[in-house]
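Some structures to go through are shown next.
Both complexes below contain subunit A, partnered by subunit B and then by subunit C.
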Partner chain A sequence: MNVPVITGVGAVSAFGVGFPLLREGLRAGACAVGGIRSMDVIHFPLKIAGEVPVVHTDDAWVASSKLPPVWRSRAWDGALRDRKVAFALLAAAEAWRHAGGSAELAHACVVMGVGLECAFLEDALPLYDGTHVHWEREPAADIPVIRFRTPPDAPARMVREALGLTGRHLVHVDACAAGALAVAHAASLIQRGAARVVLCGGTDSMVNPFGLGGMWRLGAPSPRNAADACRPFDLQRDGLVVGEGSAMFVVEELSHARARGAPFLAHVAGWASTQDGYRVTAPRPDGSAALRAMQEALERAHVTREDLGYINAHGTGTRLNDEAEATAIAALLGRSVDNVPVSSIKGAIGHLMAAAGAMELAACLVPFLDGVLPGTTNLKTVDPACPIHVLGPQPVRADVDAVLSNSFGFGGQNASVVLRRAP
Partner chain B sequence: MALAQVMDAQLDRSRCGLFLGVGASAGSLTELTALLKASVVDGELNGERLGTQGLQACHPLFTFQLMNNFTLCHGAIALGLQGPNAAFFSRGEGTWCALEEAVYALEDGRCSDVIAGGADSALHAATWVELRNALHPSVPVPSEGAAMLRLSTSPKGALAHISLMQHPWEGTPDADVVVQTPGSIDALGQLQAAGPAMGWCVALDLIVQHGKRRVAVLSTGVHEETSLVVLERTSP
Partner chain C sequence: MSVVVIAQAWRTAAGHVVDDVMEQLWTGTPAHHRAQGLPVNVVGSVEGSPPAARTDRFVRRMGAWCLHAAQEAWMTSGIRAGERAGVYLGYGGVRAHWDDLMPALQHQTDGVTLLWERGLRTLHPYWMLNNLSNNVHALAAQALGITGEGMTTGGANAGAVALCQAIRALETRAVDAALVMAHDSLVAPEVVLDMCGRGILNTSADVAGPYDVASAGGVAGEAAAALVLVRQEDAPAGMRVQGVTSAVAGEPHEGIARLLQRLPTHRDVVDGMGAAQRLTDDGERAALGGSSPLTSLQSLLGNTGAASALLQVIAVGQSLRLGRLMPVAKLRNVAPGPLRPVVKAAAFTGRSALCLSSGSPGLVSAIHLEVP
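The block that comes next holds the complex of A and B.
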C-alpha cells in the first residue's frame, strides 16, 4: 500500500501570506478577524471578516510576493480580480517551493476545492436596460479569464499552468467540505497508485458584495460586527464570521519523497465522506452522518479513539452546527471524551468556506511541528449542550501523534481527515 | 429526476454513495435582475442601495441556489442518500472523475452501491455566454440534462460490467461501437457536465436494447482532456 505524506504546505490567511504566519498566529492564540478593508462596507450589514490583509489582489501584489521567478513577469489577464484566484496562486507557490518542487515533478496532478463563482455585477451593467439583462447583446469573442463570474476551475487551471504541471486538474465543489475532500482525494490517488505527486488544497473568498450579502441573507453570520463575533461552542455563540484564504499541500508517495530527500510534515492516514441527506438549511441534529465520517476516517487510519490526540472541529460558531458536531464527537469518543481536546480556529480567522478544510488541516500540522494545540479563540463558557473537551482561547502544549479534522458543508456533505505524525 | 430513476426499494440508502459532475452555478437570473433593479442608480451600482434594498430584493436562500454542490445535495436529501460523496465541477472531465471515484468507492469497500453521473444546464444565460466565448467560434447548440448510472458490487440484476481505461486515453478502443461525447450524441446538444454520463447511458442502451457486446465511450472535455469508459455485457 502506498503511503501519502505531506511534503509541502502553503497558506494565505487573515494572518497574512505564508504558512509561517498562520503557524505563528495560532501558536500565539491571536485573533486576525477585523474590519473589512478591501471593499466599502459602510452600507453593508456585515462589516467584519477574517480578511487577508490586502486591499487589491492585483498583478503587482502577486508579483511582489516571494514567488518562483518564472511567475514574476506573468500577466494574469485580469483573473486576480477574484481574490481566491490570487490566494490559490500564492499558497500553491509556497507549497510547491516548500516541497522542493521542480520540473522533475511536473507530472503532478492538481486537486483543488473551490468556492462558488465570484460574481462581477459591474460586468453585467452594459447589458442591463433597467429591467432586464440582455445577455444576447454580449458579443461573442475571446474574453479575459473572468467575465461576469469566475469559472470554478480557474484557480486550479491557473496554478497548473503557472507551475507547468502536466497532470490532471480536478475541482471539488463541495461547499465547506471541498478543501478537506480535495486533500483526501489527493491522498486516495497516491494510496491507490493513480498519482505520485498531487498539489492539493482549497481556496475561497466571499469577501465581496455578493458573497457577504448572500451569507447575510442566509442568516448564518453573527449579527455582531465585533472581532470576537465568532465563538465556537460558546454558550453565547450567535453565528459565523466570513473568512477567506487558501491552503495548499504537496502530497506525495512516501518512497517517492524519500528518494528525492523531501521533508515529511505528516502522513495523511485516513479520510471519509458521508452525506447528511437531511436538510438544505440545517445539519442532521443527531450528528449521525458526521459521526460515521469520523469513524470511517479513523478506521482507515488504523487510529483508535484512545490514540487520538486532538480534534480540529468544523466549529462554525452557529447554534445548530456546533451542537450537532459536539453530539457526534461525544458519541465517537465515548469514555475518552474528556481525554481528547477539541478546538476550532474559526474564531481566529473566520470561516473560509471551500478553503476551510484545507486551512484547518494546515493548522493540524502545528501540533506536529510545535507541540502546540490551537485554542478556540473567543470561547468564554462552553455550552453544556456541547459535552466535549473544548480548549479555551489559549493554545495548549501537547505531544500528539494523531489528529482528526472535520469539515461539514452547506447541503450536508461531511468530510473527516486523519493526519499522523510523519513516519 | 435522473437520480430517482435508478432508485429501488432494495437500495440501502444510508450507505449508498453519490458522485456527480456538475456545471456552473445556475442561480435564478430573476434574482440577479431584482438585485440590479434595486441597486443601480444612473447606470451605476450604488453601494448604499446594494447593501440595503439590493440584498433585500434577493431570496434569502439565493446563495444556496448558487452553490454548485447543491445539484448533488438536493438529490441526496430528497432520496435520503448518506454514503460517500463528492461533486466535481465539470465541463466533461469532472464527470469522468465522478465515475472514477464512484468505482473506487466500491473497490475500496466503502459502499456496495453507488450512483455516478452528471447534471448540467447550458441554457442558463450566463453559462451560455461563457461557453459561447470559451468555444468561440465553433459554438455548439446549448442543451441541458442529467444522466446517472447505478453501480453495484452485486452481480444480481447487472446490465453490464463497467471499466475505466487509463487516463488520458490515446489510441483506438477495442469495442463493437464507440460513442463519442461530444460527437455521437450531438443531436441532444451541448450537455457539458451531463455529456459523458449521457454517453454511458447510450452505451448501456446499445448493450441492453440493441445486442451490442462491448461499447466504449470516449469523452473529450472543453480543455481537450480525454477519457474512456468501456461497458461490456455481463454473461447471461
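The block that comes next holds the complex of A and C.
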C-alpha cells in the first residue's frame, strides 16, 4: 500500500505569514489574538480576532511577501479581496517551495477545505437604488471579474493555476472539519494510487462584516473582547474567538518523495470521519461519534492509545463542545488518560473554521520538529467536567512518535487525523 | 468491485416525481420558466417551496428540497441507518439571499457605521447556520440516523465528487450503504449576472439548444437530487455506476480523453455537458468521437451546477431501463461533428451510458452507467 508523507508545509496565521512564525509562536506559548484592524469595528459588538496581520489583502501584499512570486491573471481580478484566497495562495506557495516543488511535480492535485464564500456588497451598489438591487440593469463596465461573491472553488482553482498544476482540484466545505478532511482526502488519494503528489489544506476568513456579525448573532464567540477570551477546557470558558488563515501541505507518496530526495516531515498515518446525527446546533453530549472517529483513525494508523504521544483537540472554548470532546477523549484513552497530553491552540490563534483542521495539523508537526507540545493558551483551571490531561498555557518538551488531531464541525461532522513521525 | 444505485429521488424544474418528469423529458420539452427581474428571459427554476418543516430555520429552499429528496430515496431503499451508512453531499455554493440582506442594506446612510446597529443585528440568530455549507448534510444525518463516514464537497462539480467519494467508500468497505445528495441553484441574481458577463448564459428570448449551429449560451437552472448506493453483491439487480473526475489546464474537452481511459470503453449513449456554446460543444464532440447518440439533460432542465451529475444518473438511468432516449431541447440545426445529437425521442436498446458534466473551467466529471 502507498504511504502518504508530508514533504512541505506553509501557514498564514495570526502569528504572520509563514510556517516558521506559527512554529515560533507555539514554541513560545504566545497569544496572537488581538483587536481587529482590517475593518472598522467601532460599531460592532465583536472587536477581537485571531487576525492575520494585514489590513488589505491585495496584489501589493501578496507581492511583498518573501515567498515565490505568484502568477496573476486578469481572470482573477477582484478575488484577493476575499482574504482567504490571498492566504491560500501564500500558504500554498510556501508549502510548494518547502517541498521542492518544480515542474516535475506539476501533475499534483489540489484538495482544499474552504469556508463560506465572501459576498461583496459593494459590487451591487451600482445596481442599487436605495431600496432594491436592479439585477436586470447592465453592470458597470469597470467592476472586477470576480464580483458579488467568490465562487467556492476560487482558492483551490487559483492555487492550481498560480503554481501551474495540472491535476484536478477538489473542494471540501465540511464546515470546521473541512481542512482536516481535505488532508485526509489527499492521503486517501495517495494511498490508493489515485495521485502521487497532492497540495492540500484549508483556508478561511470570517473577519468581515457578515462573518463577524453572523457569528455574534449565533452566540458562539466569547462575549469578552479580550485577548484571553478563548480558554479551551477552562472552568470559566465562555466561547470561541474567530480566527483566520490558511495552512497547506504537500502530501506525497513515500517512494516518490524518496526518489527525488525530498525530506519528510511526517507520515499521514490514519484518518476517519463520522457523523453525530444529533443536532445542527450542538454536539452529541456523550461524544460517541467523535470517539468512533478517533478510534477508526488510530486503527487505520496501526497506533494504539498507548503509542499516542499527544492529542491536538478541536477545543473551541465553548462549553458544550469542550465537554463532549473531553468525554470522548477520556473514553478513548481509558487508563492511559493521564499519560496522553491534550491541548488546543485556539486560544492562541482563534478558531480558523474551515482552515482549523489544517492549521492544527501544522501545529502537530511542531512536536516532531522541535520536541515541543503546544500549550493551551489562556487555560487557568481545567473544568472538572473535562477529565483529561490538558496542558497549561506553556508548551512542554516531549518526545512523541504519534499524534492525533481532532476537528469537529457544526452539525456533528467529526474528523480525526493521525500523524506519525516521518518513516 | 461494482457499486449500484438502488434508490433515487429528485426535485427539478420539471417536477418532483421521477416517472412524471421523465415523461416530459422524453418529449423534448424544456422545463424553462419566465425569469423575473433578471437579465435573462428564461430560467429552469424549481416551482414552489417545500412544505413547512421544523428544519426550515436551518436550511434554504433548495437545501430543503434536497432533504425531501434524500428522505424519499433513503426510505425507498429500505436500508438500515447507523454506523455502516455514510452521507456524501455535493453543494454548489452559498447564494447571497438578497431578501435577507436587504434590511441590512436599506438602512445604511453612512457607509458601514450602522451596518451592525441597523443591519446585521436584525438578522435571525440562525442566519449563519441557514447559510452553512453542510447544514443539509447534518440535517440528513440527524433525520435518517446515519452516523458513518461523511463529507460535503463544494463547487460546480461537487455532486460528481460526492458520488465518486461514495463509490470509493463502498469499494473500500468503509461503509455498506451511501446516501449521496446534491443541490444547487444558479437562479440567483448575482450568479446569473456573473454568468451572463462570462457569456455562459443566453440572454435572448429564443434560446437555441446545445449542439445547434446557433448555440449561444445555456439556461440557469436549479435542482436537488439524492441516490442510495450499495455494493452490487448486496443488490445484483441495481444499475452499476462508476465515476471519475478530472481537472486539466485549458478547456474542458482536453480532459475528456484522459477521463475515458479510466472508464469502460463501451457506451451506447452519451449525455453530454451540453454547454450550448459552440466552441465547448464542438470540443466535447471531437474529444468523444464516434457515432453514439448524444443527449443533453442540461438542455431540458437548465444548468443545475453541482446537482448535474446526480440528475444525469437518474434521467439517463431511466432512459436505459425503459429504452427511450431524451431529445436535445431546442435543437433545430445540428452543428456538424461526431456523435448523433438526438433530435426526436427514440426507442433504444443500449445498456450503458457515459454522462459528462463540467465544473469551473477546466474541470470535467464523467459517470459510466450500466443496467443489467
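One rule holds for everything that comes next: the second predicted complex is superposed on the first by the 403 of 423 C-alpha atoms of A that agree within 3 Å, B and C clash if a C-alpha of one lies under 4 Å from a C-alpha of the other, contacts with A are read in each partner's own complex, and residues count from 1 in each chain.
Convention: contacts are C-beta pairs under 8 Å (C-beta built on N, C-alpha and C of every residue); 3 or more make two chains touch, one makes a residue touch a chain.
None of the values given here were measured: they were computed from a predicted structure.
With the C-alpha superposition on subunit A as described, subunit C and subunit B clash in the combined arrangement.
By the touch criterion stated above, A:Glu122 is placed in contact with subunit B alone, subunit C being left untouched.
Contact with neither subunit B nor subunit C is seen for A:Asp307 once the two complexes are overlaid on the shared chain. Once the two complexes are overlaid on the shared chain, A:Asp370 sits clear of subunit B and of subunit C alike. Of the two partner chains, neither subunit B nor subunit C is touched by A:Asp401. Looking at the shared chain after the overlay, A:Asp59 reaches neither subunit B nor subunit C. When the two structures are aligned on the shared chain, A:Arg160 is found in touch with subunit C, with no touch to subunit B. Once the two complexes are overlaid on the shared chain, A:Asp238 sits clear of subunit B and of subunit C alike. Common to the subunit B-facing and subunit C-facing surfaces of subunit A are residues 40, 42-45, 114, 116-117, 119, 121, 124, 128, 130-133, 135, 138, 147-149, 151-153, 157, 168, 170-175, 178, 181, 185, 188, 192, 209, 213-219, 272-281, 289, 292, 409-413. Residue ranges of subunit C in contact with subunit A, taken from their complex: 37-39, 58, 81, 83, 87, 91-94, 96, 98, 101-102, 105-106, 112-117, 119-121, 123-129, 131-135, 137-139, 141-142, 144-156, 158, 161, 165, 168, 172, 189-194, 197, 245-249, 359-360, 362-363. Those residues of subunit B lying in contact with subunit A across their complex are 13-14, 18, 22, 24-25, 29, 32-33, 35-37, 39-40, 43-45, 47-48, 50-52, 54-55, 58-64, 66-70, 72-74, 76-77, 79-89, 91, 93-94, 97, 101, 104, 108, 110, 125-126, 128-130, 132-133, 136-137, 139, 167-168, 223, 225. Those residues of subunit A whose C-beta lies close enough to touch subunit B in the complex are 40-45, 114, 116-117, 119, 121-122, 124-125, 128, 130-133, 135, 138, 140-143, 147-149, 151-153, 157, 168, 170-175, 178, 181, 185, 188, 192, 209, 213-219, 272-281, 289, 292, 296, 409-413.
Subunit A meets subunit C in the complex at residues 39-40, 42-45, 109, 114-117, 119, 121, 124, 128, 130-139, 147-149, 151-153, 156-157, 160-161, 164, 166-175, 178, 181, 185, 188, 192, 209-210, 213-219, 272-281, 289, 292, 409-413.
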